[in-house]
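In the two complexes below, chain A is the common chain; its partner is chain B in one and chain C in the other.
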Partner chain A sequence: MVDVSQHELVPEHTVLDDDELEDVLEEYNIKKTDLPKIKRLDSALPDDADVGDVIKVVRDSRTTDRAMVYRLVVE
Partner chain B sequence: MSTTDYNPIEKFEHVDDDIAAVVEDTELPRRLKTNVYETIDERDGAVTIEQADDIAKAVESKYLETRVDPLDPVGTVSAQSIGEPGTQMTMNTFHYAGVAEIDVTQGLPRLIELVDARKEPDTPMMTVHLEDEYAENREKAHEVVWQIERTRILQLGDISTNVADMLVEIDLNEDTLRERWPTYDDVVDVADEIAATIDNKLGVQTRRNGPVIEFGPEEPSYRDLLQLVEDLREIVFKGLEDVSRVVIRKEELERDGETVEEFVLYTEGSSLGDVLEIEGVDASRTTCNNIHEIHRQLGIEAARNAIIDETMNTLEEQGLDDVNIRHLMLVADIMTNRGEIESIGRHGISGSKESVLARAAFEVTVNHLLDAAIHGEVDDLDGVTENVIVGKPIKLGTGDVDLRMGADTSGEQAD
Partner chain C sequence: MSAQQTPKEIGQISFGLMDPEEYRDMSATKVITADTYDDDGFPIDMGLMDPRLGVIDPGLECKTCGKHSGSCNGHFGHIELAAPVIHVGFAKLIRRLLRGTCRDCSRLCLDATEREEFEDRLTRSRELGKDLNDVTKAAIRQARKKDVCPFCGEVQYDINHEKPTTYYEVQQVLSSDYPERIAAAMEPDPDDEDSERVTPQELADETGIAPSRVNEILSGEFRPREDDRKAIEKVIDVDLTEEDMNKLMPSDIRDWFEDIPDEDMEVLGVSPEKSRPEWMILTVLPVPPVTARPSITLDNGQRSEDDLTHKLVDIIRINQRFMENREAGAPQLIIEDLWELLQYHVTTFMDNEISGTPPARHRSGRPLKTLSQRLKGKEGRFRGSLSGKRVNFSARTVISPDPTLSLNEVGVPDRVASEMTQTMIVNERNIEEARRYVSNGPENHPGANYVRRPDGRRLKVTEKNCEELAEKVQPGWEVARHLVDGDIVIFNRQPSLHRMSIMAHEVVVMPYKTFRLNTTVCPPYNADFDGDEMNMHALQNEEARAEARVLMRVQEQILSPRFGENIIGAIQDHVTAAYLLTNQNPEFNETQALDLLRATRIDELPEPDGEDEVGRPYWTGRSIFSELLPDDLDLEFTSSAGDTVVIEDGQLLDGTIDEDAVGAFGGEIVDTIAKVYSNTRARIFINEVSSLAIRTIMHFGFSIGIDDESIPEAAEEQIDEAIGSAYDRVQELIETYEQGDLESLPGRTVDETLEMKIMQALGRARDSAGDIAEDHFADDNPAVVMAESGARGSMLNLTQMAGCVGQQAVRGERINRGYENRTLSHYQEDDLSADAHGFVEASYRSGLSPREFFFHAMGGREGLVDTAVRTSKSGYLQRRLINALSELETQYDGTVRDTSDTIVQFEFGEDGTSPVQVSSDEEHVIDVDQIAESVLDAEFASDAEREQFIGSQAEPTNLSEHEAEWRIESDD
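Right after this comes the complex of A and B.
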């Protein structure tokens, strides 16, 4: 299997731990379920990600240097 | 990093209480505040409190200026900003003038295809980048070409049917075999392999005599014989079934600030998953123009990037590159928001709106109203479209602000 994380179209995905998640939700004043979603079977998902986890995606942004976005893992 | 117990004074050597106070006083988000601290810190204490205040204020005003105002209808603005240039696009399919004579749908049809999230583009194609020596050496590059381009029997030799003996005869062209199987030393081996493939796929017994392969149906039957020929034409002996043609081009590319010449392959038809596995293919740069294939192989974030790239390229190709990329990013964000690619339209985003009236206003009005009536749906009139329909002010911009008169009679008035 090809390592998709090396592909230039794929930004870095990491699983967010609980503390960081709380900060993110507080910063945006939202619930976890308001976040954009990512499917459990997504090819770029880290191996240790499970349904209910929040993934932090660090995009090479076109409008700023780097952009941090978050996606909730769903079934 | 935690927002609640974040302490810039501890974290940065040259940030003291006063500087922290002026920076914390701004409306900047956490990340920008940290950036300001970092910048100040890098000056090794040369920043006075006044200067720090100026920096913080300047960053704040720049930030507030560039921010989208609350209740700004960003979606509507994006729709207009993409829609207007869209009226200037060509209605026709053009072929890729510069790039290797491969026909690719462009202009408005391509843009529609992208936002409709069609399962298959009209003209699927891949851009295959190669690794190391494969990218530099033409022969090596050709090895990869033959791994990708599908080879059927008609490309390898002549077929004839001998009705008298109930035989299909294939006269293989040895030069073609040598060309398409460059790693084999002996054409005989190739011919053997082809014969074996035919045995396998058609369930017949082939006989090979030099470059000639012949076989026939078990029972003499004219119908079976013709059927065998039909099936034979469909067998893919080498390469990927979906790729009908590969064009090889030498290109100058920027890499690590240097200009390098390398071979790049363009394919008609696409099969990204298979191509990424082939030896010599650079799996980190190879892409295709099918956003669903990218989603399957590389995930939703890659699909989002592909949507932005493809829409921007389509616009640029038509000289409409002054469309701000933020509009395309918004489109891509909304299309990938649920973790899978949704189309913009009645089967996708617009069709999954909460409000009955908003859906009915978009397309197939009667069906939506009828379904809503049958199911007893309720419309809360929260959105824009619904309020336009019933003639109430929309909750956008100034429409969401209420003015209240002070009932206070002390002489002070609301301003």
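Right after this comes the complex of A and C.
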């Protein structure tokens, strides 16, 4: 099987720990459920990601070099 | 709304079902008579037009609230239905509830663990803002799987729903011909020789039923019990049951639903305090107020009732008949028929476009427009009356060009200006002006149409009372004056596909009947003058006017967020003229040079570029153009004519100014000025370039005719030769193909390969014909000038006019349709040659042969069909896209969120930058050098200069081109 997370077009996905998550939620003044969602079965997710976790995606950006996006893992 | 009323804030809205008791409570009257008015024309009491339901005739008083028509909103009445009926809007939910709940105890057929699971899923879905329907649907699906109720043990049956409003319970019952079925199954199978007849004794042995009982069953004297039936079915492999459809009457369903416990409804996502399920079965029907269904009086004095009233009449009539029949003890069959009829009328009262039911019709045969038809669709209440409606202070007329206007302006016909008004609040300082407007009356242009006194009374200004009224005007009055020059209005052309389809313009009042536009604003509106119409809206409060002036004015929209470059710039003739002025760099004497610049701010010429033989000074086209450039502009780029344009210190040193320099859609100079200087500077530049261009093209003269595309006979022979050799090549290809020697290209069949190669050969032939023709055109040929400068047309157009039109295609292939194995009856069957498949050898100038013309029409038609299909498709796509994006908003923290605060983008566009504020130079996405230079410049300057630098950085808000004039006016 191909591991898509190794593909050059798939950005880095990491699970946020609780402290980081709190910082993110505070920064944007939101609840966890206000984040964009990602399906648990998405092949780009790291293996230890579970429903309810928040994933940090670091993308290469043409204009800002690195763009950070957070997603909530859902069923 | 009167001025005293303050707006109220809505705390919350909750949606739910309505309790029949609530209908009765809010009802102004019970309606029992199907008639509307009596013979004297008075509304009948407890009829559909009962005066307690509201008033529509002016002068009458509402019997419920005492208000007059206009201020009384109307009051609901109610009809007591003789029997409960199903509300069509809830047909699906009713079906779901019937399937998910027990037929006996009405409890939801889910055990405790399942309930908990679905309740959890519901709360999670609510948090995530997902569709709750998915969960409740799954819950019903789970409950439906149960054969017996987990609470009372009752066997559950399947529910059949016959659209729109009939429900059946499907039960398996012993069929009436069970003895015959058993007997037939006991006979040996005729197709199978091994099978033997089953005797009743054998049957008795195997099923364990007493032999005497088996015989009784076989003779039909005894109905087998359920266990026996199953045993017999198993042994002799026969189905003794048939489906019995047991119709559920609305009253049964209502009883069923009444017993569903509150906590079970919560599992299905329904709040029981607000919506009890039995309320989906109507026992009381609310009667809309008469104001919602006004009757109109026709010219002949006859009253014509609204469709809703007609429908209500039907409902009351059937309701009455139903009750009479039931009291008279009519047979069940008749009662059921009437019940169904009542159901039909109530159903069509709500929705008259249900599939499976014939729509209720007016006497004329027109389907009635009932409740849901009033709401649905483009002309419905939501899209037609709430999201979009007709407005006051708007005008629409044909547009025409006026190159003397600034691109910020719009020419408004005087008759439009006298209809659209602006409110002017009179004070000590403008009272003279206000009186002048009023004394001009409503018909002389800078006049006034209305005045409003401080007590709120609105007076119409007429020709007769204007002088008198002007005297009375005092500070504190409001005067509705006509539009005058310099007022700001909003201008729009449909389809409004992007932001620049609606822009603010300054008014210039003009005679005649059309709106006048500067031609440079055609690209953002996608307008031309072949009959296009546009809309104008006069703004009605200071806030709107300020916003329009600062944000929406045309000059603020020069840069398009669509592609980050300018969308307003020189077009067509302007581009041609700029090319003529700068390409060969012609020389002009003083008179000529001043004439070219007369419509610009320039009134003094620079140092002459030289002197002619007689010693008179001359100026070159490039230095005249340079007068319009900002003094410190440095720029270098390649023009569409192909040479390098060099601008240093605001002087055009070399190169041709054309489409790529000053054109709309990314003209380099316009783009740079708008970004580096300001929108105001860019507006001035575009206005001046177009003025200069128009004087230039008038100086040189520019025309085009059919003779401009003719080429020498020798060249024509050359073209014929080129095409001839292409024909030979095609013939060769066909011969190789017919001999079977043609080698197919990878991934294609031999036939496809042949087609491709023929197309290629003919394409080359057309190109070489074009090249030959092009060689014979002079550089000053008008068509060449237009194509080279990018003003209009292309070299391909020229090739087709002078050389050869080329292959016509339908769906990307040579023309293959028409008769069997040939395109036209003029050709042999299976003729593969070029001219038999739509190659047009002629040029447009020489004229097409009839066969060529026919093929050309086929190709042309495809183009037309394509555009027609594309516009409708892209229109719908645009609507869906806009509906999906309309509620997204960039917040002050840079995130993009929807109305429920869910984040869509963490930083607008990943980088938080506006596309129009970014350099459009592809090589240097961000011009770091230039930024560094300007920072250093500022650093090394003296303190005083530096302070000045920081202080003078902000461009003053330029409110109007006429700002200076206002100052002068206010001085005296």
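The rule we apply is simple: the second predicted complex is superposed on the first by the 75 of 75 C-alpha atoms of A that agree within 3 Å, B and C clash if a C-alpha of one lies under 4 Å from a C-alpha of the other, contacts with A are read in each partner's own complex, and residues count from 1 in each chain.
The rule we apply is simple: a contact is a pair of C-beta atoms (placed from the backbone, for glycine too) under 8 Å apart; a residue touches a chain by one contact, two chains touch by 3 or more.
Just so you know, these numbers come straight off a predicted model, no measurement behind them.
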item: Chain B versus chain C as contact partner of A:Asp23, first or second or both or neither; value: first
item: Touched partner set for A:Lys37, first chain B, second chain C, both or neither; value: both
item: Which of chain B and chain C A:Val74 touches, first, second, both or neither; value: both
item: Which of chain B and chain C A:Thr63 touches, first, second, both or neither; value: both
item: Chain A residues touched by each partner, larger count belonging to chain B or chain C; value: B
item: First (chain B), second (chain C), both or neither touched by A:Leu45; value: first
item: Contact residues common to both interfaces of chain A (with chain B and with chain C); value: 36-37, 59, 63, 68, 74
item: Residue ranges of chain A touching chain B (in the complex, touch as defined); value: 2-4, 6-11, 13, 19-20, 23, 26-27, 36-39, 42-45, 57, 59, 62-63, 68, 71, 74
item: Chain C-facing residues of chain A, complex; value: 28-31, 33-37, 59, 61, 63-64, 67-70, 74
item: Residue numbers on chain B that touch chain A, as the complex places them; value: 1-3, 29-31, 276-277, 283-285, 287, 294, 296-302, 305-306, 308, 325-326, 329, 333, 336-340
item: Chain A partner contacts - residues on chain C that touch it in the complex; value: 127-129, 893, 895, 897, 900-904, 906-907, 909-911, 913, 925
